[in-house]
Amino acid sequence: MNHMLLTQILESVAGGGLGIEAAKKRLADLAMEDIDFAHIDHHRSLRKGFPEVIFGEGKSVVQIIGIMERMQLQEQVILVTRVDAAKAEQVSARFPAARYDAEARMIVWQSVPLPKTGLGTILVVSAGTSDIPVAREACLTADAMGNEVKSVFDVGVAGIHRLMAHKPLLEEARVLIVVAGMEGALPSVVAGMVKRPVIAVPTSVGYGVSLGGLTALFGMLSSCSSNVAVVNIDNGFGAGYMASSINQA
Amino acid sequence: MNHMLLTQILESVAGGGLGIEAAKKRLADLAMEDIDFAHIDHHRSLRKGFPEVIFGEGKSVVQIIGIMERMQLQEQVILVTRVDAAKAEQVSARFPAARYDAEARMIVWQSVPLPKTGLGTILVVSAGTSDIPVAREACLTADAMGNEVKSVFDVGVAGIHRLMAHKPLLEEARVLIVVAGMEGALPSVVAGMVKRPVIAVPTSVGYGVSLGGLTALFGMLSSCSSNVAVVNIDNGFGAGYMASSINQA
Amino acid sequence: MNHMLLTQILESVAGGGLGIEAAKKRLADLAMEDIDFAHIDHHRSLRKGFPEVIFGEGKSVVQIIGIMERMQLQEQVILVTRVDAAKAEQVSARFPAARYDAEARMIVWQSVPLPKTGLGTILVVSAGTSDIPVAREACLTADAMGNEVKSVFDVGVAGIHRLMAHKPLLEEARVLIVVAGMEGALPSVVAGMVKRPVIAVPTSVGYGVSLGGLTALFGMLSSCSSNVAVVNIDNGFGAGYMASSINQA
Amino acid sequence: MNHMLLTQILESVAGGGLGIEAAKKRLADLAMEDIDFAHIDHHRSLRKGFPEVIFGEGKSVVQIIGIMERMQLQEQVILVTRVDAAKAEQVSARFPAARYDAEARMIVWQSVPLPKTGLGTILVVSAGTSDIPVAREACLTADAMGNEVKSVFDVGVAGIHRLMAHKPLLEEARVLIVVAGMEGALPSVVAGMVKRPVIAVPTSVGYGVSLGGLTALFGMLSSCSSNVAVVNIDNGFGAGYMASSINQA
Amino acid sequence: MNHMLLTQILESVAGGGLGIEAAKKRLADLAMEDIDFAHIDHHRSLRKGFPEVIFGEGKSVVQIIGIMERMQLQEQVILVTRVDAAKAEQVSARFPAARYDAEARMIVWQSVPLPKTGLGTILVVSAGTSDIPVAREACLTADAMGNEVKSVFDVGVAGIHRLMAHKPLLEEARVLIVVAGMEGALPSVVAGMVKRPVIAVPTSVGYGVSLGGLTALFGMLSSCSSNVAVVNIDNGFGAGYMASSINQA
Amino acid sequence: MNHMLLTQILESVAGGGLGIEAAKKRLADLAMEDIDFAHIDHHRSLRKGFPEVIFGEGKSVVQIIGIMERMQLQEQVILVTRVDAAKAEQVSARFPAARYDAEARMIVWQSVPLPKTGLGTILVVSAGTSDIPVAREACLTADAMGNEVKSVFDVGVAGIHRLMAHKPLLEEARVLIVVAGMEGALPSVVAGMVKRPVIAVPTSVGYGVSLGGLTALFGMLSSCSSNVAVVNIDNGFGAGYMASSINQA
Amino acid sequence: MNHMLLTQILESVAGGGLGIEAAKKRLADLAMEDIDFAHIDHHRSLRKGFPEVIFGEGKSVVQIIGIMERMQLQEQVILVTRVDAAKAEQVSARFPAARYDAEARMIVWQSVPLPKTGLGTILVVSAGTSDIPVAREACLTADAMGNEVKSVFDVGVAGIHRLMAHKPLLEEARVLIVVAGMEGALPSVVAGMVKRPVIAVPTSVGYGVSLGGLTALFGMLSSCSSNVAVVNIDNGFGAGYMASSINQA
Amino acid sequence: MNHMLLTQILESVAGGGLGIEAAKKRLADLAMEDIDFAHIDHHRSLRKGFPEVIFGEGKSVVQIIGIMERMQLQEQVILVTRVDAAKAEQVSARFPAARYDAEARMIVWQSVPLPKTGLGTILVVSAGTSDIPVAREACLTADAMGNEVKSVFDVGVAGIHRLMAHKPLLEEARVLIVVAGMEGALPSVVAGMVKRPVIAVPTSVGYGVSLGGLTALFGMLSSCSSNVAVVNIDNGFGAGYMASSINQA
């Protein structure tokens, strides 16, 4: 809603030049624009609890730096996902405070780290070594959003006793993220062992009928455990974000 | 937006009890609700130019009659799609003015027919005899929405000379709807013969690799003619509605 | 682990007839069986926080009643999902305390309702009228698991202002379940308006390219909002269960 | 139809050497060729209202220049789509009047711009920044075909209030093109706000279950708004062309 | 082309009232219609060598009889495919000369059988007993179209020696039709043994990954033998028709 | 190979009327037919170790009884799969010795049971109660083919400790058949616990993204355990047959 | 069949040392090997009418030359398909008589061209300019196999009158090959105009829902014309081969 | 299970400080951890009969060497699959005893070859020359695991007599691995000729509807022979491993 117009209407009302009913009519006409006005003072980080995240894939270094420069004026934390090492180096040259994680292919810039404010711990579990980049992305995202994060990697279902050995860790977590490719069976098994919510992340790891992660995805959605919900293939960032939204009071 | 609340705010402004800035702040908080209020006087038929249409599939006779009773209080025309003959008979018993088209499986109720107000004629072309129900649904919808409608049925591409014979009819239409199942080639051919927009409707007619209409759909979307856009499989109603939205001034 | 064997080993240790190291060796050999023993006192309802739920589809009345009879000996609540009215009537004849919800096609039996112990409210939002059965299943599940549940039905994206009118309700929920068929766009829009976790439930509502719910599912997984995770098509029960696992302290 | 042959037949008729019936028989035999003859004076730009467009992908610079040289002899406007910057530079060296748009990857050559002759404005709306190239292609095509074109970019459904702010712009357009990737929800929302026709363009933006644009495509075809029709994935050109065919009187 | 109009033009030319050039112009305008005229004396059975075939699925007895009544006035043979026994009985009551084959679910009516005019024999080979209905449909079609037809049934690749025993029969055929469901391997093997063209027909026989015949279809199209071409799933009629078009001189 | 012809050739050789080389030439020409002859004394049950099995689906009672009557003349065991109870009753009336298993929907007729001749035990493991019919089919097939068969049902991965409790049973089996629907994760877990071969059987149990068993199938093929091979969806019979072919010395 | 063994058996028969029946028994045991022997004198080019063709994709220059060297000892013609220009140059250096067609990416080597022996002409029709490489491959294959080949390129269905102009050419062909990508509609239209067999070749030309040629393939298989059979995507060679097998007496 | 804790419990029992029942309760609580302890002395090579295999794809030389260095301390054999020649050279420089097979893209390191201990021979059969790399991977794997391995390559179904010639070899094998791409028909044919188990391996060889091996995979799963089970596309290693698990006593 245009500020000037609104002020003008209200001044007319205050001045008696505009009747109540006529004012109501004019305000109704402006209603749709009001939304934008209503939120103009509430930055996205307020509405959503966290600033927008930069999806680095397909963006140039110039574009990434440009967005970061605008964002750092008013945000305490900036995440850039899916950035390769070459780009990251150039970004780091401009933002020395930015930390790059080569495995997660992610840049985290924080003016000051968010305090750890979650209800409990977020545990990230992954199946094979090739799933680790996605799992790391989930870890870094959840960490940057103000959560305590722990992780257990390489506990695939083909050696189920390795997973069993971590049972206490699984049981004490407030939210679990389980990352797996190929047949994607791990979330079912983990969710069967705990009562807390499990965010399942299929990865594109595999070949042939893995179908770029579709098989893992469908397996997770068909899980016979009920405390499971699923995010897109390779979407470690989304899993970390969702877990944080669950964990934050 | 709650009327009483709005009146109250404006009266406070008028009475001087509420400053301009404070009023702006309170109005902003109410902004979202304003939308609903803003539109409470504008019925959907005003906003969209036509009342909501009843999708009959999966609805009981009681439900259909109930919705029709509410709608006829303020609407001039009511369409019910995908109704079988048994249900239609019961509906007609309650609404004698309702006309049922067995082929299109559609009920049209009009207090008074909409005047024909389109820019030109809508021509509905269909490929095989099995495509006719979908084509009829398109015809009836466009007709009920106030358009002149003509049709040419059974001019599939396997006997291309039959289509050629209707060239003048094709060329004089303002909008064309082309309905076809199986390989779905007809819209490409028709669109290549005219300069007007063609709405293509794939049907689920066929077997084997027809894949319930997906093959016709994909064929139409891959059309080498550019004046073509496509609606969902068997969606004769949608095609008629879209064609009308194009044809109405 | 065989009780007698275990007792015997420990008695030998107590009696000095078996050395510590030898006892450790024998216990290790029994380790795997220990699991079952270890959990024999911990009912599933303790481990998972809720008893197993009976999936009614494909089960006979005799089977359902049989399972319920065993369960009611030790459980406070029993859920049976996907039961048609005919079966439900017979089950109710045997369990007069069982309540059947025809829309959700679900039976809820409670010796005494679980206290409402969640962190906040679970809000169930659905798009079209045909999505209501799935939404109801989510409501009843979450309710039976001890959560405050609210719902807003019929707020599809084709009339976005209807959704806007409910913004405060959306914002105050601790967890949201959003149910939608066809293009499945509603969860994206809702999740963009709140910071809390959204469980998206695709439904099989639609025809043609809806592909039995796959299109809605893929749309939800591709959501440009990050606080969204998804369950299987038509899985209202799973969504309610997952939401409860998030909401319970 | 061979001119000489036709002349000969008619002269025989005129001279009395060929009876009416015999002449009819011979003309019938020539009928098929008549078509070509009939259209030899009607260039494609007359029949279709616009000259053929060059699909640049997979064509060499030599081929593109060759076709353009032939076309510029009789056409006022030439479009080349899907051309990369390197090729475009070489084409521009030969045709200094050709304008290259790097974002849309499109060359527009006009001897003299077509006058703006449409019924109203074509509005191009797009969801994410990655959808802009496709949206730009639609803009340039519609503009080159003689339409007033406006655009609103970056109004995805995850921040629905941004879209709301542009409601007046949406409502005043004669035709709308809505471009979106990922879940492809934007066309449904936009179409629900206006009564004019919406051409939806799915893009291949996304990963995992976006399936190269299929998810957005299917979502758009399943739209619960009826004034929507869809073109192929990434087909900005086709959308612009179709919108123009709707908008031109 | 309108006869009267044509006569009128020619008479004007004959009478000198219309100049050659003006007549050419008017004839050109009529060109498209000429096509239809040109073919009005050439029935489809002349152009295509065989009258149109009635696809019985989804047609009522009344419709089938109606079409047959019109056709028998000028055709020597009428085929109706995909007719169940109940319908067939009623059709036979009206057309005593019609022969119904229950296995092929096909009606053949012949005023007088077409003479056997093919270049050689058409051999129909099928894999399993469940493929026989499709194979029979191919046999009857080819036979009715005037070809010598032989058949070898139940020679699937899991007992390859059974096929080998028929090698001379395979080698002497002019055209082969090979019908198979499940893995669809038989056409590859047969085509590897002969030099004549093989028409492969996938059937929907099978379950699970047979995918309603898609697996057999794709297997046949991927055949490592080159003298193979494929028709739609279960399309025995099409295979017989295609084989006849090959075999007829 | 034609007996008379062969005899004739050899007699000519014996009689000196046909030289060695000429005889070799003629025999070569007959070679292909020899195959059939060569195997005429070797019944399929000898070549393959077991007589052909009757796939009951789509066969009438008359057909089934007919085949059984022919087979019982020379076979000791006859299996009929996928037979419903109504048909089975009629078959049993004719063959009183035939045993029908309602769960497996299978008829087993044995003149005298095959002796148990396998190298070890075949263990059939299944995940959910709905998978039991397929698992039973595997059990009965393997049993009828002369193997010791054990089974453990209802040990799905969502309660992994139930599976663990059966570790000794798993380890002592010579071959394992693992049956699972939904996400199909059980074979991976089981195969990770043993060194023996595991035959995985996906079932069509599930809904939504279970895709009629494709998700379980693909999950099993993507298994991170290497001692796993897979059969078609719901193919309990095939799994039992394959396991027997492995287990028989 | 081992020569020595055969000789030995026959000599024993000739010498009276082996009775007729015993000899028959021993020959039967050798039967399977006889096949190979039987065919050792019949080269593939005799059995199949044409030598094996070299699929160049994935083969090194060394491999291609090696195979060609062996083949040229006994064959009159050698085809190598899918060879890029670089490899072709090296092959030509070794075989100066080899002709390389850059468009078809094919090498043809002939000691002496096969005489033109077909029943009639093979006509290759193609839709768009991008389909020409596949069409050329078909032309060259059919030509090398001893057929008269004609071609009509660039007659897509979006300008159907171009196709009409070639009607006489279509009607005089003995076999037609129709090549098309995108919606793949051309074969239906062509087959509707002629009575001869049409081999349809889908190409991978297109984007989005063209699905790499699957849409064209399915469209062709769903053709409403019956004198059509289809080969694999981009398989110009196979189409030429199949057409030749039809055309050769 | 924590050693110290266990010792402590048992010492308390031994010392009388802990009663039998209390000790049982505490041991139960520790049960899950027992698993790991129980197996800590059993290396994977003991449990599974063979050490873990290194999947080389996507691993760096440094990573491969690192894993090999750890493994060679306690294993007699190390396999690395999917390694290209460049990496292999570097690995060989570090492990001179490692043998690289360029065709199978596999490294085999053995301190001392495993003795040949299988029940019989494993025969690897492959269809086309392009399938050989996958077949070789199966051969090398089975060989390294202590099996006699034989192979027959290039016996595709399009020249079925080549396969027939090897019938004795097929019949004498204890386990068969059949590798095929394209239509994947070979396993059906082979399995029909023998009674032993056949492991079918689809390859990604082919184009168009081969769908990267899915067509071959589905064909093999739909096999009409019952002694067939299937592994993932191109998974020669898995087939060799599975065959060995069958063949080892």
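Chains: A, B, C, D, E, F, G and H, in written order; residue numbering restarts at 1 for each.
What we mean here is this: a contact is a pair of C-beta atoms (placed from the backbone, for glycine too) under 8 Å apart; a residue touches a chain by one contact, two chains touch by 3 or more.
Bear in mind the structure is a predicted one, so any value in this text is a computation, not a measurement.
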item	value
Chain labels contacting subunit B and also subunit D	A, C, E, G
Centroid-based (C-alpha) most distant chain relative to subunit B	H
Between B-E and C-D, the pair joined by more C-beta contacts	C-D
Separation of subunit C from subunit E, taking each centre as the mean of its C-alpha atoms, in whole Å	55
Length of the line joining the C-alpha centres of subunit F and subunit G, rounded to whole Å	39
Geometric centre distance via CA averages, subunit C-subunit A, whole Å	24
Multi-chain contact sites of subunit H, meaning residues that touch two or more partners	32, 35, 159, 164, 192-193, 208-209, 214, 217, 221-222, 232
Chain-to-chain touches, reported pairwise for every pair that qualifies	A-B, A-C, A-D, A-F, A-H, B-C, B-D, B-E, B-G, C-D, C-F, C-H, D-E, D-G, E-F, E-G, E-H, F-G, F-H, G-H
Of all residues in subunit E, those that touch subunit G in their complex	35, 47-50, 53, 119, 164, 175, 193-197, 199, 217, 221-222, 226-232, 237-239, 241-242, 245-246, 249
Residue numbers on subunit F that touch subunit E, as the complex places them	32-33, 35-36, 39, 44, 57-58, 202, 204, 212-214, 217, 232-235
Residue numbers on subunit H that touch subunit G, as the complex places them	130, 159, 161-162, 164-165, 167, 207-209
In the complex, subunit A residues that touch subunit B	1, 3, 6-7, 10-11, 13-14, 16, 20, 23-24, 27-32, 34-35, 37-38
Subunit G contact footprint on subunit B (complex, rising order)	127-128, 156-160, 164, 182-185, 188-189, 191-193, 206, 208-211, 214-225
